[in-house]
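The following pair of complexes shares a single chain, chain A, combined with chain B in the former and chain C in the latter.
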Partner chain A sequence: MSEYRAPITDMRFTLEHVAGLETLRTLPRFAHVDGDLLTGVFDEAGRFASEVIAPLAQVGDTIGSVHNGDGTVATPPGYKEAYQRFVEAGWPAAGFPEEIGGGGLPWGVASALQEMIIAADMGFSLCPMLTYGTVDMLSLHGSEEQKATYLGKLVTSEWSGTMVLTEAQAGSDVGALTTKAVPADDGTWRLTGTKIFITWGEHDLTENIIHIVLARTPGAPPGTKGISCFIVPKYLVNPDGSLGARNDVTCLSIEHKLGIHSSPTCVLSFGDAGEGAVGYLIGEENEGMRYMFTMMNEARLSVGNEGLAVSERAFQQAASYALERKQGRTVGGERGEQAPIIRHPDVRRMLMLMRANIAAMRGVLYRNALAIDLSRHLEDEERRTQEEDLAAILTPISKAWASDLGTELTSLGIQIHGGSGYVEETGAAQWWRDSRIAAIYEGTNGIQAQDLAMRRIPLGGGVAMHRLFEMVLGDAASLEGDLKPIADRLTEATEASAAVAMTFGQWLLEGRYNDVLAGATPFLKMMGDTLGGWMLARGARAATAEPAGYDPAFLADRIALAAFYAEHVLPTVIGLKGSCLAGAEGMFAIEESRFG
Partner chain B sequence: MSEYRAPITDMRFTLEHVAGLETLRTLPRFAHVDGDLLTGVFDEAGRFASEVIAPLAQVGDTIGSVHNGDGTVATPPGYKEAYQRFVEAGWPAAGFPEEIGGGGLPWGVASALQEMIIAADMGFSLCPMLTYGTVDMLSLHGSEEQKATYLGKLVTSEWSGTMVLTEAQAGSDVGALTTKAVPADDGTWRLTGTKIFITWGEHDLTENIIHIVLARTPGAPPGTKGISCFIVPKYLVNPDGSLGARNDVTCLSIEHKLGIHSSPTCVLSFGDAGEGAVGYLIGEENEGMRYMFTMMNEARLSVGNEGLAVSERAFQQAASYALERKQGRTVGGERGEQAPIIRHPDVRRMLMLMRANIAAMRGVLYRNALAIDLSRHLEDEERRTQEEDLAAILTPISKAWASDLGTELTSLGIQIHGGSGYVEETGAAQWWRDSRIAAIYEGTNGIQAQDLAMRRIPLGGGVAMHRLFEMVLGDAASLEGDLKPIADRLTEATEASAAVAMTFGQWLLEGRYNDVLAGATPFLKMMGDTLGGWMLARGARAATAEPAGYDPAFLADRIALAAFYAEHVLPTVIGLKGSCLAGAEGMFAIEESRFG
Partner chain C sequence: MKIAVCVKQIPDPATPYQLDPETHLVMRPAEQVLDDTDRYGIEVALQLAAATDGTVVLVSMGPAGNLQGIRQALAMGADQAVVVSDPLLQGSGALVTARVLAAAIVREAVDLVIAGTESTDGYTGIVPQQIAEILGLPALTFARKVEHIDGKLRVERQTASGYDVVTSPLPALVSVTSGAVEPRYPTFKGIMQAKQKPVDQPTCADLGIDPGSVGLGGSGQSITAVRPAPARTAGTKIHDEGEAYLEIVKLLEQAKVI
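For the complex of A and B:
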């Protein structure tokens, strides 16, 4: 069983000196978020993640959640108690605004706490993560009565929440869903239909589950314009807040998955027993997709966070194995003397790739989270919009780039273990299997790439993307002395990415949509790697200034990671340009029938 | 349950028009291997793989082989019968020389047959694959008596064989093994020790298992120079060929692995019950490693074949899903009309990446197999040596590049399935899990990269590598007309690879071993992608000449695949140059202790 220690120094450094927490601190609402507060919160949360959650990961994987046949789902041994302690310690509420009973921490800081819980046990972390989405939905779009009824217990995670979108024929194409909602005489609604892939859709951790369900009302227009959003609680809630009747929502089965075994992925049936499950309309009819989109940035960022967190966990396990495991001798080593494998260049290369990419992801994700915070709370409207646009650009990158990296880096974690990495008991394989879902759910990575290329490049007539490249180039230009080679590689990568963005922008104007779509995925990878290099370069620059409160060795590491990334990762960005700009013709040169 | 159809047209085309079967046909031994023979053998073997083996894959994964506690291992339902039919049909013997009872097909053709069995069920395929190694070992290094005793039943696969190398402290560093062999009075030996990770080390498919075991004799020098090689049969064989006493070899347990669940990975204990398991020395004492090396090319190529085969299987399943599954509309499609996802550019991109890389791998692997054939059978000594050198260069590339690609492409197969790809019942995840071992066993991919960079670059004073690059550039220069852009990308990639090889060669002369080792893995990737482009370019050139016996649509596909690969893959080769040439300094810039 591998241990987990939250990388709190790197988290704090990334927030304070890479991602730009100082801007957020100028706001009265977040003025208290200083270094001491961060250290205190991170220490405590890190200990909780290590001691209470992390030991669950392996049993969660081995035993998993189990469907009992009677529609109930049993979570793995230890989950109930750990969840209870998680709620009691107040961790779930830390990142919500004080106005709704939260801890008032910015998203940037809450992201770090979320990373700890994911790294400790990704399957477990999905339960509160889905609840966050429910809280966002209700606090932004719920009526006062709905807020009063549900929000309190969701903020604390005493109740959990779900997002109920997918149906068998409606996955990426949400607009194809057919679940029906018809009005009842009392102003409530009755829902009937079957939903699939519902994360934590049924379980035994909380006394109630609040489902947010997308459905169609009578006469709704086809597609995404005819979707409405409903609250469907597992147990109806009485006016005094006590639980009433069991609603007509049934968990028919749970999926047998490649990973995240503790997270029950449910088939939910609404209205099996009678005239439909009782539902409460959120906001206006047919506005469901719009409401969903307002919370999508946070949800996608959370999935990116999974890529980061699971990589960190895999890195810690692989690094500790590489320090202990002796095998073979190094160049110049004594004959017959076995060295720890961390001394072999190829093993060190893998560890450095993991570590540098983890630092890069952390930078991009925190910057993304802070952009969301700033877009909500900055006073100046123009700057608020700028941050909103930045968040819009960064979010699909955070989601897809980090989730793909999660799978790539956890695979290196297996490789470092050699043969034992392929044996399940070692635990290295779990991180790889768990990671693999993140590229799929919450919008496949292909859809993220499509969003980035088709919708973010034209944002503000291309100004938003241009501003981002200018920021990167500006930071690169500020690097001096030993950091100059980093600046050069970063500038080259940025210019290559910008050239693709310019071409795509032009193609979009010319209506060459398929050409843009054909290159969208490699473009997203270019952007992610470039922005990762940007964040590492900012970290190296900050480290050179030797800020107080950090071990000089830690600061030296940050410079070394930036240099390594500039040498090994940034040059590959340029190699993707050809693939981005190849267009759709060659992609469709083989007839469809010849794939059968 | 996904179906499998052997891609026999592409196999035949690759052999005949890409990899160079025509050279082999000039030898009297292989003059009969014409198009008709290939078509006949491939048709029949393909049908066998589809109908008998492929249906086992899912039950093999779900149930797996089971250790019964009494030291026996039960294979999954259906395996025994299928194995029996496999033996009876004569498939295992097809690629062995007629002199030892084989079918006399060259390795190149046998590779294609092997690909079919792996694609059908990789776990199953490992049993005969290990037996092949035993046959090679005995036919090259066994005594006449040993050959007479064991070879016949191994060639037919009536008995299976194993390779027993690894011990807990001796994985990549085989020289660290401690299993002991002491001479007995009767000229045989007694072995004691515990071995791990023994593929198909115990099972119920054959009545006997012939273990080839590495051990140390009394007074043997330390390291690899003191290793001897023994035959240790599960049941001793009487002079009349009947089975005698059970030998003292016990299967203590089998591993619970990420994939290839049907292949029992055994802990074998020798000499538990008494004074040691009875063993028979192969060849001379202390020559064991040398004997192992003579069969390593074939074994490593077989592992590369796993990357290819499992990708083909994943491709077929993903392509068929993409043709059937409707979701979302295409650019310009009717509103509300869902298109098969194969029409979405990003899905098509993934399918094309799979298909182009599969064709590239098949080319490189067959060329590698034919180089092994030619190095054994060509009459001209100089040309024989050239092919031997080429095989030496290609083998680590085939092994590592193709096995890494196997994991990458099977992951695309999951991605194309969206959410259902993460559900185990779909079957797409199995190929990904199965594939992951290939980068680890038979020498980790890091060790392959090390071999390529440290041992193959200096081969013949650098002449062998130079000759390979000249061949690629020569073929590129021969491309004309529409194929010119392919030639340009291929030339650029080759020149980048050659530049790294030149620098590494220079560094080796200067003793800068760690700098070479630090860049070995990206260099191997550069070489693999470049040579893959070479094989695709040769295929495109051959297709342009419209050879008889091929559907024009098939030939057009081959040109399209080469063009796609040239646009999307070859440019990435250049992006790896920086990482290759970065040297070891930056890799070791962070102190070892700071990884703990």
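For the complex of A and C:
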């Protein structure tokens, strides 16, 4: 079983010197988030993740959660105890506002804590992650009574939450869902329908589960405009807060899947036994999709965080293997003497790709999280809107770019292990299997690319995108001396990305939607790699200034990573331009029938 | 009851230790962490304090640095800390350490002193007994279980062959073994509160300790040379032809494990 050690120094450096935590510290609500606090919190959360959660990953993978046949689901051995301790230690609440009983940490910092838990065991981490979504939904759109009833125990994660959207015919196309909600005499609702793929939809970790269910009310307009949001608790909650009757929600089965075996992916049936499961409407009828959008940024960013976190885990295991495994002779090495494989340039290339991309992702994701914080709490309205727009652009990139990299880098982790990597016992394959889902759920990466190209490019008439490119170019221009080559590669990549964005903007005006859609995915990749280079360049610049409290060797590493990325990743950005701008015609050149 | 727990900040064990080439002393960065073996003593103290409505004060000697390790201990739930941090103390041996800690403990007027059995960076393993002797307290060492019953301590003392049960009136000193209890993980609230808890940092002068009696000069001991630990030698391979377990049994017997 591989160990996990939270990369605390890099997390702190990225927050303080790359992503720009200092802006957040100017706000009274976050003034206390100083270096000491980060160290104290990261230290202990890291230790907790390593010692309590990380040992679960392999058990979770090999045993997995099991459907008992009677509608209950048993989690793997050790999960209950670990979850209990997780709740008691107060980690799940750390990132929520104090007003609702949280610890008051900004999202940027909470993202780092989340990264630790995901890296320790992604299957486990999904349970609290889904709960975060429920908390966001209720705190933003729930009634006072609903907040009083559910929020407290969800904030602490004593109860867990779910997001119940998907149905067999309604996946990417949420608007196609058919689960019905009809009003009852007492002002509550009755829900009937079958949902699939519901993460942590049933389990034995908490005494209650609060489902947030999307359904249609009688006479609702078709598509996404006719969707309403309901609270459907597993156990109804009495006025005094105690648990009442079991609601009519049944877990019919759970899926056998590629990874995240401890996370039960449930088929949930509502209203099997009678007139429907009891539900409570959130906000207004038919406003469900609008409510979902308000919490989408955090949810998508969390999924991007999965790509980052699992890559980090895979990297740690691959790096320690590469230091130990001896095989082959290096150029100029003694005959008959085997060298540790880390000395072979190709192995080093893989390790560097992993490490540089991980640092790049961490930068982009934390900047994204801080943009969410700033968009909520900055005083100045104009700056608040700017940060909101930035978050809107970064979120689909964080989600898709980082989750795709997750699969790519965990695959490199296997490759570094050679044959042993393909053998399950080694444990390297689990990270790849676990990571694969992140590109699919919470809006597939194809849908993210579409969102970026179709909706984010035109945001504010193209001004938001333009401002982002200007920020990158401005930082590039500030790099001097040894960092000049990094600046040059970053500028070239940014100009290429900006050129594609300009053309796409033009095409959108001309109605050439299919041409934009055909190039959306390579464009998202261009953007991700460019912004990753931006963050690494900022890191190199900060490292050159030798900030106090960091080991000089660590700072030198940060400069070397930025240089490596500028040499090996940024040049590939320019190569994607052709694919982005090729248009849709060639993609449809072979007739549909020729695929059959 | 009021309980003092002796704790130590040490350089992060995950990074290689640096020795000062001249004095051979461990170089201590500003960021030092709590010695993991201290967590057991803190846990025992917190449990006893909770049961008796008492308080826990941490007592430590060594460069305060940024107090990271002390905050870690406070985050577990200790109420306050005394860190004797004085450049004069650099190079002090075990006995001087015991004298200084004893002087700090006396000021706190505690009912019980708890320590680990030895520190992870020093491994002398004699400081707790020395403190007990200086303070004239009964020393109950190598405790694997500590209970407070009818105003007395009942301790299970780990021995080579099992354990002894010993009892003692208070005040007393107890050294606890690693693994005696399962140390709690600090809660998020605990970590936030730790920032606000009082940390007193007296010097030798504050404690009325003669500067000539401490440090390298006052310790009556000196480090004459240091050598790197010998590299690990290759292990022995036993080929199993059905009887390998006998070899292993023999090895375990030699190691006096069985």
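Methods note: the second predicted complex is superposed on the first by the 596 of 596 C-alpha atoms of A that agree within 3 Å, B and C clash if a C-alpha of one lies under 4 Å from a C-alpha of the other, contacts with A are read in each partner's own complex, and residues count from 1 in each chain.
Everything below uses one rule, namely that contacts are C-beta pairs under 8 Å (C-beta built on N, C-alpha and C of every residue); 3 or more make two chains touch, one makes a residue touch a chain.
Keep in mind that this is a model prediction, so the values were computed, not measured.
Undergrad: State whether A:Thr75 touches chain B only (first), chain C only (second), both chains, or neither.
TA: In the superposed model, A:Thr75 contacts neither chain B nor chain C.
Undergrad: Who touches more of chain A, chain B or chain C?
TA: If we count touched residues of chain A for both partners, the winner is B.
Undergrad: Report for A:Arg5: first if it touches chain B alone, second if chain C alone, otherwise both or neither.
TA: Second partner only.
Undergrad: Once the structures are superposed on A, label A:Asp173 by its partner contacts, choosing first (chain B), second (chain C), both or neither.
TA: A:Asp173 contacts chain B only, not chain C.
Undergrad: Contacts for A:Arg85 in the overlay, against chain B (first) and chain C (second): which applies, first, second, both or neither?
TA: Second partner only.
Undergrad: Let me test your reading of the model: by the given contact rule, A:Gly103 touches which partner, first (chain B), second (chain C), both or neither?
TA: Touch status of A:Gly103: second partner only.
Undergrad: Taking the superposition on A as described, I'd like to know which of chain B and chain C A:Phe588 touches: first, second, both or neither.
TA: After superposition on chain A, A:Phe588 lies in contact with chain B alone.
Undergrad: Give one of first, second, both or neither to describe whether A:Val52 is in contact with chain B, with chain C, with both, or with none.
TA: second
Undergrad: Common interface residues of chain A with chain B and chain C?
TA: Shared contact residues on chain A (touching chain B in one complex, chain C in the other): none at all.
Undergrad: Taking the complex as given, what residues does chain B use to touch chain A?
TA: 166, 169, 171-173, 176, 196-197, 222-223, 255-259, 319-320, 322-323, 326-329, 331, 335-336, 338, 340, 342-352, 355, 407, 411, 414-415, 418-419, 421-425, 429, 432-433, 436-437, 439-441, 444-446, 449-450, 489, 513-514, 517-518, 520-522, 553, 556-557, 560-561, 563-564, 567-579, 582, 584, 586-592, 594-596
Undergrad: Name, in rising order, each residue of chain A that touches chain C in their complex.
TA: 5, 36-37, 39-41, 43-44, 47-48, 51-52, 85, 88-91, 93-94, 103, 549
Undergrad: Where on chain C is chain A touching in the complex?
TA: Counting only chain C, the residues touching chain A are 14, 31, 33, 66, 68, 71-72, 75, 185-189, 191-192, 194-195.
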